[in-house]
Each structure stands twice: as structure tokens, then as C-alpha cells.
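Pasting the structures in now, so scroll down.
Two complexes follow with subunit A in common, the first pairing it with subunit B and the second with subunit C.
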Partner chain A sequence: MRHYFGRKLLIYGLTFFVAVTVNWMIPRFMPGDPVASMLARARVSQPEALEAMRAYYTNLFGLDEPLWRQYLNFWAALLQGDFGISVWVFPTPVATVILGAVPYTLGLMIPAVLLSWVVGNRLGAFAARRKLLDNTVLPVGYLLTATPYMWIAVILAWGLGVVAGIFPVAGGYGFSLRPTWSLEFIGSLLLHWALPFASLFLVALGGWAIGMRNMIIYELESDYSNYLAALGAPQRLIRRYAFRNAVLPQITGLALQLGVLVAGALVTEIVFSYPGLGSLILKAIQNQDFFLLQGTFLFIVLGVLIANFIIDIVYVVVDPRTRAGMAGAAA
Partner chain B sequence: MRNRARYLIPLLVAGVVAAGCTGGGSTPPAPQGSGSASAPGAAAANPNSLPRNETLYMSGTQWGPPANFNPIREWDSATGTKGLAYETLFHFDPNAGKLIPWLAESGDWVDDKTYQVKLRSGVTWSDGKPFTSADVKYTFELGKMETIPYHNIWDFLTTVEAVDPQTVKFSFSKANYQQWSFNLYSRSIVPEHIWKDRSEQDVLDGVNENPVATGAYKYMSHDQDRVIWVKRDDWWGKTALRMDPKPKYIVDIVNSSNEVAMGLLLQKGLDLSNNFLPGAANLVKGNFGVSTFYPEPPYMLSANTAWLVPNTTKKPMDDPEFRKALAYSVDTKKIIEGVYGNLVKVSSPTGLLPQWDQYVDQSVVGQSGFTFDTAKAKKLLADAGYRDRDGDGLVENKDGSKINLKLIVPSGWTDWMESIRVIAASAKDAGINVTPDFPDFNALVEVRNSGKFDLLINNERGLSSTPWTYYDYIFQLPIRKVQNTVNFGRYENKEAWDLVHELDQVKADDVEGMKAVISKLQKIHLDEMPIIPLWYNGLWSQVSSSVWKNWPSSAPNAPKTAPVAWRNWMELGGFETIAQLQPANP
Partner chain C sequence: MTVIDTALPQSATSVRREALYFAFRNVKLLIGLGVILVLLAIGIFGPLLVAGTPNAYSGLPMQPPSSQYWLGTNTFGQDIWVQFVYGLRTTFIVGVLGGGLAAIIGMAVGFLAGYRGGLVDEILNMLTNVILVLPTLAVLLIINAYLGIRSVGVQALFIGLTSWPWAARAIRAQTFSLRTREFVDLARLSGVRTPKIILREIAPNMSSYLFMTFILLFGGSILIASSLDFIGLGPTEGVSLGLMLQNAHQWSALHLGLWWWFVPPGAGITAIVGALYVANVGLDEVFNPKLRDS
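Right, the complex of A and B next:
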């Protein structure tokens, strides 16, 4: 057991190190210069003022030091929880910017991914047994998975937002409100959440349902099912075993989904102008904001690692083979 | 097996909890954005839900979260920081072409090198302290810091003196009247009693939370995607200017995209959209309750000129004849109709905005101006020695080498992207090989500023109190390793730059004197074509009258002020527009 988790932790540690390094490298090898673009926005034409500002900002962001020093500084700051200052929303610290966006993204993605997984698996499992359901779930499922997030999002925004006027088309909560724990505010929060959630939920749902349906059919026709049936086991029992076996690949799929949580929301957030991490990443790239980009990527890396870790634990619970492996290793 | 499961469940729970903590909290969304905290007292006194009929919603200026309320950071402070909160000594009325006294009661040149400002009395800061000449002195003296954007005024400004609480005297070593008039309505005055202890870093980079200012509105709160201003009941302008803005709250919404702005506008959640909306003509014609300044093309007023900037240090763009041929080759009308759907106008060959019409010297334009004329372009090329030697329909350099010019605009600027496709096609018709290219914005800034491009489109100077800003853009010398904001084409003409200086030293009210110098500058511009004016970008403004009416329009009795809240436009009529609004359903 300890050996199993020890090894896992080591792998995670290494992954983290490599990811952070790559994360540090990518923006620095992108074309363009963040200080230059910041100064371009400042519209200063006077050469002396410009030079003074350039020197000042280059120093402030630590970009005047040799690369290896910048790298070490980056790690040192990171370990103290300091992500630097955002260039785009200067002078707000990156951590503040990210923390402002994280609740929106998690509030959107976690329910969307988990609910679509649960509902999708249920639907798929039922579909595998009922002809009528199968004839509807399958085509609808294919249609939904084949649809890009963005497309459903645009249709929802146009149909239910602009035309029907039921849902708002932008923002995290009403522009007339200020954040409080009032009923009105929470209602507005939910109203703004509904469409982006629906677009993510619907698209993911189809994929899970189809996957589950196919797996269940496969399991129900496999040898152990036939053997159980031949022994006269009740149909319920057979189905339960089939479900347990079919759900394993789905769990792996869920881990992958949770991993790309943030990236998945990117397009949806942009369509609905939802103030989450996805919108932030786009803006950070557009504005050459090294520090913000690093911060958000780091957040994603952490998210992927944590999601995988949880799945590792879940596997121990649901998959006897993992436990057997652990027992073997311990012995 | 059951036992083992029981043993594992706590572990699982622990794992999930740990993940929750490290992951930044998957706890219920706490929607407090980046520091939406305002003064607790202010928050308690104000409602948390703004009544629609008392609130003005606008958008189009702010492209990122409002990160600071520092008026010294004129380029990225939250919309309204200058204009709604901080005020300037004067405003400028582009229609009348003159300065409107604002914080100043009057301003005069007492002699050739001294400008004296009389300040209004009875003006108070939002913390109740009186506004005095010391604040003005302090603000202008901030410019002595090298990193302050208006540091350059100290090249010709020698002292600022607070003669008495209501009088400020500016002494100059050289009287750059035009430049100075521009500064008079551009610099936000900040309160000395709050700012005086701030370090240089704080002045330049400070967030300036809870700004204390003289304006009609004060800061209420902000979040990532909005900033909310609330009206000040004790604003001095009520009596002194007889202006009483009706919206109690102004909410400026951060743009995430023009499509989102369009959606909000159609839902009537937005009263004033200063975004470029490609289908604006259809919005106006259709029954959407959206209107623009003109009910017919070009729908909008003009804000700035889009120029084609050739890099004059590169062959063959170093040849004025070649540049002229290029100017003749551009089918601007096709851009106006095909790309913009008539939302913009063809610019005068001089590039001077319609508001500056009186300075255009028609005789110079008649002699040296250009129009779209492919045949003429071909003739100019042939006369200058550019011939098609290999028969591919495209001319070569005089030495026989191939010409292949890249014309760049930022990727994602869809209207400009389409426009340069038109330019490239029509240049090819005249025999000039131009290829459109769309680099990322930052990459473009880099090649633009360092002079590593061939051709680009730019519009960095817009309407101001004086065409001097426009000629300063075209001719500014000396050329530096990195050009920021001006003369990207690196055009060198000492004579023209001297004329720009000469123009600067003509008094702002001496229209004839200005005309004389500008005429000479126009001649040089049109003969040499360091930049090629193409079209006037519109003063993008779409308004909805469902909650607020009396918007500026071309209708006979409507106000004629600029309907924009863009950065630096509040002083050019934007604020007056807001102040004139009336509730639609009183």
C-alpha cells in the first residue's frame, strides 16, 4: 500500500517539476515582448519617458536578469506561493486574478462533468437493455457528442438568450447586482450559470451514454455473463456485474475529463463571457501576460495531478485487480 | 473484501478533502472577484441591486478587468477614472473647435511665455476638502518624474506657480501653444493632500483604491467584468456648469467580445455600446430599438484616420514616387462598401478628420492629392522606372530584383484583415506585389516599433484639439531604435519636422496662422506620401433609448456631442453626452 502510493507520489512530483519547467519556458519563447506591448498601450511617444518606463518595467518583472536566474527566481517565488504580478491587469497579483476566476470555472465544470457522467452512464446502461430507449439515446447521443461545445453554446445563447430572452447572455451575475448572500444574487448567479452549464452538460452527456451502452452490451454478451446465466443466476445479478466491469473504463475517461476541466470550459466561457479561467487564459495569451499564463497553467497542472490522484484512489476501491497488485507488491 | 473497502473509504474522503484544499477550493463559488471590496461604510449605504431606471449601462472601452483607478495611468485605468471621477482643467468641444472651461474658470496667455489659469471656486474633492491651485501645481509637477507619461511637457515648461488659491501660472521656455492646449484638457488633476506622500512607484503603478476626485461620479464598486460609479450629490458642476447628470449609477461593462456586446444590446441590458459591431447598419434599419448618430451611412461620426504606413527605410518604399503609385492603387471605396458596409467614410487625401475640414488647403489637394486610379498608378510606376521585366504582371525593382511586400494587421482584427485583402488585390492590379499577413498583435508591435515591417495599417492618433497631433505623428524626428506611437514608417524630413515645430508655436486661436503652416505640411505630405490616408474609422456608438433618451444624433434638435465613453473622449464630449441624458420613462 505504502509502496503503491509512494511510487505514485514520486511520479506526480516528477511530473509537476517537468510541467512547471515547460510552463516557465513556453511563454518566454513566444514571439513578442510583454514590456513592449505594455508600453505600446501606454502611448508614450517621448523617448526619455519611454526609456525610463521600459527600464523600470523590465526590472520590475525581473526580465533584465539572465534566463537561468529568472528560472531560479521563478521557483523561489513559486514555493512561497508568489505567482508574480499580472501584466495585463497590472498591478494586480496573478494569484488574486486567478482566485477570482477559479470559483466560476469549478462551479461550472465540476457539476457539468460529474452530472453528465452519472446521468450519461445511467442512460447508457438503460439504453443497452431497452430497445425503445436505445433507438432514441443512440442517435441523440451521437449528435450531441459530435457537436462542438461552442456550437451548442452559440445556439443556446441565441435561442434562449437573445430570442426568448429567458437567460442572460453574458457575465457571471446580473450587471445590476453586487455580490451578497441575498436570494436575488444567488438566483442571478444560477441564471447566468444555467446556459454555460447546459452546453457543457449536453455535449458530455452524449459521449458517456454511448460509451456506457456499448460497454454494457459487450459485457452482457461476454463469457462470464453467459456462464452466470447458465448457472441460473438472476438477471439483476448479471447486470450488476456487467455494470461494475463496464464502469471501469468510464472512470478512466472521467479522470481524463477532470484533467482537462479548464481547457474544456474555455470556449464555452468565451461564448458566454463567463468570468472563469478559460476567458483568463485567452486574455493572458492575447496580452502576452507571462505571469498570468504561467499561473493558470500551473493551476491546470495541479488540477490534472490532483484529479489523477483521486482516480488512483478510486481505482483501489472499485477495481479488485489494483488491490491484488498492491497486495502482491506488499508481499 | 468488505473490510478492506471500509478501510479505504476514509482514505478516499481524505484524498478528496486534500484535493479540495490544494485545488484552490471547490467550495461553493464565492463570487467576489479580484478585490471587489469597497469601503465597508460605502457598501452598507448603497443598494446591492441597482434600479434599472436609474442606471446607465455602457461598454466598449474596457477590454480587461478594471485593475486600477489611477488617473496617471491614462491608458489602462478603469473607464470613468478620468472623466467621471477625475477631471481636467478644460474640456474640448470638437464642433465649436474650442476649449470649454471645466475645473478652470478661464485660461489666458498673459504674455508670450506665460499661461495663467483661474480656477473655479467652490469645487471640492469627494472627501470634502477644497480644490485649489496647489492641486494643479502638484499634478503638473508630477510630470517631472521620468516615468510619468506627460514627462515631455517639462521640455518646454519651466515652472508652475500657485499665485493664490485660485490662480496658477505656467511659465515656458518655449511656447508650444498647440501641444499645451492638448495638455490642458488631457491631464487629470489629482488631490495633493492625498497624493503628496506617494512614491514614484506608487504614482505610476498605484491602484489608487477608493479614488478621491472632483468629478460628478464617485467610485462605488468593481468586479472583474464591471465597474460601478455612483453620482455625487454635491458635485460642483451642478451650479457652476448647470449640468445635472440623471443616471444615478453608471455601470461600465468589460468587453469580452463584440458579439457579447451585441447580445447585451439586443437584450436592452446595454444603453451605450462603443464597440465596433459589423452589422450595425442592419441593427439600425431593423426594428431592434438601436440607433446611431446618423440614421443613414456612414451612421457614425469619425474618430480617427486609418493610414497605410510604408516603411520608408526599405526598398522600394524609400522612393516617394513608388509610395504615390501605391496610394493611387488602393481601392478605398471597395473597402468602405465591401468590408464596412458603409459604416465609415473615405478619408480626404490629407487624412485630416472632417472636424478639421477648415485646415484642408483645397488648392494643394487639387494639385497633389490622389484618388483611386489604377491606370495612373501604373503610369507613375513606369515613369519612375519600375517595370515588369519577367512578364508576371508585377513590377520589379529598378535593379531588377523582385518586389514582395508584406502588409500586416493584427490577427483577429477582422475589419482590418478584410481591408488589407482588398488593398493587396487592388495593388496587384496596378502591378505591385502586396501580400496580406496577420501576425499576433504583440508580434506586430515588435516589428512595427523596431521598423522591421514593409507595410502596415495604423490609426494611433485620433481627433484632438489640434491637427498638430496628427503632423507630430507623421513627421516626428529623430528616428530611434524603437519607435513608439509615432512615425512608424521612419520617414525623415527635417524641413517638415521644423514646420511641425512652427505649427506648435502658433497660438491655438490663430486659425489663419495655423492654416498657413498646415498648408505647407500638406504639400510635403501629399508630395512625399510618408503615410497614405485611407478611411476615417467611425466613432463606434450604438445606443438604445429604452431607458435613457436624448442621445446625440444628426436630428435637428438632438445634442451633437460625441456619444462615446472611450478613453480620453469624456473630455471631447462624452461626459456632456451623459449629462444630457433624460429618463425615457420618467
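Right, the complex of A and C next:
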């Protein structure tokens, strides 16, 4: 088990290292002068401000120092939680801007990921034993997985928001409200949350249902199922064993899908102008705010790595083989 | 020798004939292929038949679908049908290039890691896992935003370079089980070099699997490309289905009630990718006798 976690930790550490390095390299080795282009984009008219910004950027990029020092400085600043200062909302530190957006993204992602996984697995397991259900779940599932996240979001916003007028189609809460812990605000928050959540939930649902259906059918045809059936075990018991075995690959699948799901959340947020990391990325790109872009990128990488690590721990808890020391399976 | 020489091609053709026989009886494969072929035909021949370029201002703005403008016009008076036709072409190109590149890298890494094993496997596996854990879209975003070169080719290149890891993993696992078979041992004992063994002995034995991997990567590339386009990192010239969606959203087609602006591009993407997936299931049933409905 120590071997298992050691290997996983190594990969996560390496991934984070690669991500940070890519993040550091891009403004330095790509063609063009980042400082000049940022100054041009910031559209500051006063010469003193311009000079101050140039000095600030040059200092922040540390372009006057040797490359290896720049690289170490980047890490040092990062480990202190210093992501630089946003160009888009100028004097605010990037870390502050990001922390303001993270709760919205997490509030959207966590329920959507977990619920679609649980419901999708149930649905898939159910479909595996009823022909009629199978014939509906399968095509609908394929259609849903093939749908781009933003398109389903746009369709939902149009149908339930604009035409039916049930849900608001933009923002994280009512325009007339300020974030407080009042009932009115929480109600508004939930109303604005419903559509982005639904679109994320729906697209992810199809894949899990199909995956589970295929796994259950595979398990029900395997030797142990046939053996149990030959022994006269009740169908319910066989299905329970099949489900338990089929869920394991689905947990690995959850870890693999995480990056895709994050991407889905980002574009969905953009459709609904939901004030999370996705909208922040859009703003950063539109305003050429590279510090903000870098900051959100690192934050997303960190989030995905942490989530993956949690899934690994869950996997160990659920699968006895990993607990028994992966020594034999290490090959 | 002569017996084997004549027997082999015969059995190969009979296998092929059997696969064809089941392919023509497989409803999923036929439906999926049919949808793809129709859309592909529109993408290839459509631009030759429609008048004007996709971004030309061809008529009154905000016209609903009619006999003159099959899918109506947008707020700029651009013909949405013309844009759709050109967009389909772009979408297919991104899918083929991105998916193809990802398939090639995935196969190279998977075969090498699976066949050589040992240290090569360790290193390649580590690389695969690192890229697997990185959120691809975030990487694409940051590189795309910095580079500023926005063309279909560059987009496909980046998608191809980042979406191969799961394919590599799957192919590696398959290669593992194949490399201990007798015919591979025989080839190795007779001194055949590694690349030749992989190309001649191992790859043909999982060709159906490789083809299906390519189909899935093809669909995945289209979805990723549409997300990038939607965020505003699409090609700056021409039009794609993702760009159409982005424009529709940006110019509030939702609130203006211009459903003919945002429904066709999304439906087009869903139809292509969905048809690919369904055809893939059909292919699986054709190649894998266990899965056939009795």
C-alpha cells in the first residue's frame, strides 16, 4: 500500500511540477515581449503609471535576472500564495480574485460530479437487466455524452429560462442583491444554480450510465456469476456482487474523467455568466490578463490533483486488493 | 509451406467476409455510418454548391428559416446554412487531424511501453499518467491564449498532443497480453527487429481495436475543439460549428429568440459525435462475436 501511494504521490508531484514549469515557460519562451504587450493592453494613459507598471512587470517576471533565478523566484512566490496582481481588476491580487470565484465553481462541480456518478451508475445497472429500459437508456446516454456542454447549457437556458421564464439565465445571484446570508439571497443563489447544475449533470450522466451498463453485463456473464447461479443463489445476490465489482472501474473512470468535467464546468459557467473560475478565465483571455490566467490554471491543476488523490484513497477503502498490498500486482 | 501459403489468405478473406456480413446486419453501425456519411457529404460538397462565403453579408438580418435561407440569417445577415456547411467541414478537419495525431502518438507510446516493458515502460507510463492527470482544456487554454496563432491546424495539433494518454494506456494493456503469444516469440527468435514485430505481428492483431480508438479520439477532438472555439480561442479565419455557437451566445441570440442560430451548430456537433459513438458500438459488435445479439 505504501508502494501504491508512493507511486501516486510521485505522479501528482511530477504533474504539478510540469504544470508550474509550463506556466513559467510560456511567457518567457514564446515569441513576443510580454511586458510590452501587457502595457499596450492595459491602456494606461499616464506616463508615470505606465513606467510604474513596466517596472512592476519587469520585476515580477524578473527579466533582469538569470533564468534559473527567475525559475526559483517563481516557485518561491507561488509557495507563498503569491500569484501576482491581476491586470483586469488592476490592484487586486490574483489570489484574491480566484478565491472569490472558487466557491461558485466548487458549489457547481461537486454536486454535479457526485450526483451524476451515483445516478448514472444506478441507471446503468438498472438498464442492464431490463430490455425495455436498456433500449431507451443506451441511445439517450450516447446522445448525452456526444452533446457539447455549452450547447446543452444554451438549450436549457433558452427553453427553461428565456421561453418558459422559470429560471434566470445569467449570473450567480440576482443583480439587485449583494452577497449576504439572507433567505432572499440564498433563494436567488439556488435559482441561478439550477440550470448550470442541470446541464453539467445531464451531460455527465450518459457516460456513467453506459459504462455501468457495459460493466454489469460483463460481470453477469463472468464465471463467478454463472457459478453462483448454478449453486442456486438468488438473482438479487448475484446482482449485488456484480454491482460491487462493476463499480470499481467506475471509480477509476471518475478520476480519469475529472479533467473533462472541469472543462465542462468552465464552458457551462461561461454560458450562464456564472461567477466561477470559467467566467474568470474568459475575462482573463479577453483582457489579456496573463497573471490571472496563470493563477486560475494552477488552481485548476491543484484542484484536479487533490480530487484525484481523494479518489485514490476512496479506491483503497473500497477495493480490498489494493489494501492487501499491491505487491503482486505491481508489475 | 504451400498449404499454409494458400490457406492463410483464404482464412483472412473469409474472416473479412464474415465481418462484412455482420457489418451490414448491424443496425447501430448502419445508422451511425449513415449519419456520418450524410454530414461528411454536406461538409465536402456543400461549400461547392452554396453561393457566397460563410461570413458574407447575404441578406436581411434575423430572418427565420425560409426557402431562400434554409436555416435563416443571424443578426449580421449572414446565411446560417452557408456557415453550417463550412463549419461542418472545419469540424471534420479538426476531428481527423486531432484524432489522427492523438491516435498515432497513443499507439507509438502504447506499443513501445507494452512491448519493451522494463525501464522504457516505466518512463512512458509515468509520462502518460502525468498528462492524464493534467486538465487538458486548461493547458490548451493557456497555450492558446499566449500563442495567439489561431488556425484549425494549430488547434488540431494541440488537441492531438494532449488527448492521447488514455489511448496509450489501453493499447499498452493490449500489447502486454499479445507480446507473450507464440507467434510474437517466433518472430523475435527469428531475429525480427522491434518496429517490424510491432507493425507486422502485434498491430494487425488489434487492428479493429486501434480503429475504434481512432473513432473515439476523433469524436473527442471535435468536442474539445468546439469548447475552445466557444471560449474564443477558435480559428480567426473561416467558421466552425463552435464559433457559430460562440457568436450566437455572444450576440444574445438567446434573448432575441433566434433559435435557428444556436440550434443547428450544436445539433451538428452532437450528431457527428453521437453517430461516431453509436457506430463504434456497432463495430465492437461486428468484431467481437460475444457481443452479438442472438
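Keep in mind that, in the parts below, the second predicted complex is superposed on the first by the 266 of 331 C-alpha atoms of A that agree within 3 Å, B and C clash if a C-alpha of one lies under 4 Å from a C-alpha of the other, contacts with A are read in each partner's own complex, and residues count from 1 in each chain.
Following the convention adopted for this analysis, a residue touches a chain if its C-beta (ideal position, glycine included) is under 8 Å from a C-beta of that chain, and two chains touch if they have at least 3 such contacts.
As the structure is a computational prediction, the values presented were derived from the model and not from experiment.
Student: Just checking: does A:Ile270 make contact with subunit B only, subunit C only, both, or neither of them? Give me first, second, both or neither.
Tutor: A:Ile270 contacts both subunit B and subunit C.
Student: Could you look at A:Ile26 and tell me whether it touches subunit B, subunit C, both or neither (first, second, both, neither)?
Tutor: Only subunit C; A:Ile26 stays clear of subunit B.
Student: Look at the residues of subunit A and decide whether subunit B or subunit C touches more of them.
Tutor: B
Student: First (subunit B), second (subunit C), both or neither: which does A:Met53 touch?
Tutor: The answer is first: A:Met53 touches subunit B but not subunit C.
Student: Quick check for you: in the superposed arrangement, does A:Tyr12 touch first (subunit B), second (subunit C), both or neither?
Tutor: second
Student: Is A:Val304 touching anything from subunit B or subunit C once the two structures are fitted on A? First, second, both or neither.
Tutor: Only subunit C; A:Val304 stays clear of subunit B.
Student: Once chain A of both complexes is superposed, is A:Val162 in touch with subunit B (first), subunit C (second), both, or neither?
Tutor: It touches subunit B and subunit C both.
Student: Applying the document's definition of touch, where does A:Gln286 land relative to subunit B and subunit C: first, second, both, or neither?
Tutor: Both: A:Gln286 reaches subunit B and subunit C.
Student: Which residues of subunit A are in contact with subunit B in one complex and with subunit C in the other?
Tutor: 32, 157, 161-162, 169, 270, 286, 288
Student: Which part of subunit B faces subunit A closely enough to touch in the complex?
Tutor: Against subunit A, the touching part of subunit B is residues 1, 4-5, 8-9, 11-12, 15-16, 19, 22-36, 43, 46, 48-52, 55, 57, 64-65, 67-68, 73-76, 146-149, 151-152, 155, 204-207, 221, 223-226, 228, 251, 253, 256-257, 260, 263-264, 266-267, 269, 412, 439-443, 445-446, 449, 460, 472, 476, 480, 482, 484-486.
Student: Give every residue of subunit A touching subunit C within the complex, in rising order.
Tutor: Residues of subunit A touching subunit C: 10-12, 14-15, 18-19, 22-23, 26-27, 30, 32, 139, 142-143, 145-152, 154-155, 157-158, 161-162, 169, 256, 258-260, 262-263, 266-267, 270-271, 281-282, 284-286, 288, 290, 293-294, 296-297, 300-301, 304-305, 308.
Student: Where on subunit A does subunit B make contact in their complex?
Tutor: On the subunit A side, the touching residues are 31-34, 36-37, 39-50, 52-53, 56, 60, 86, 88-92, 96-104, 106-107, 110, 157, 161-162, 165, 168-180, 182, 184-185, 189, 270, 272-273, 275, 279, 283, 286-288, 299, 302-303, 306-307, 309-310, 313-314, 316-317, 320, 323.
Student: Where on subunit C does subunit A make contact in their complex?
Tutor: For subunit C paired with subunit A, touching residues are 126, 129-130, 132-139, 141-143, 145-148, 166, 219, 223-224, 226-227, 230-233, 242, 245, 248-249, 254-255, 257, 259, 262-263, 265-267, 269-274, 276-278, 281.
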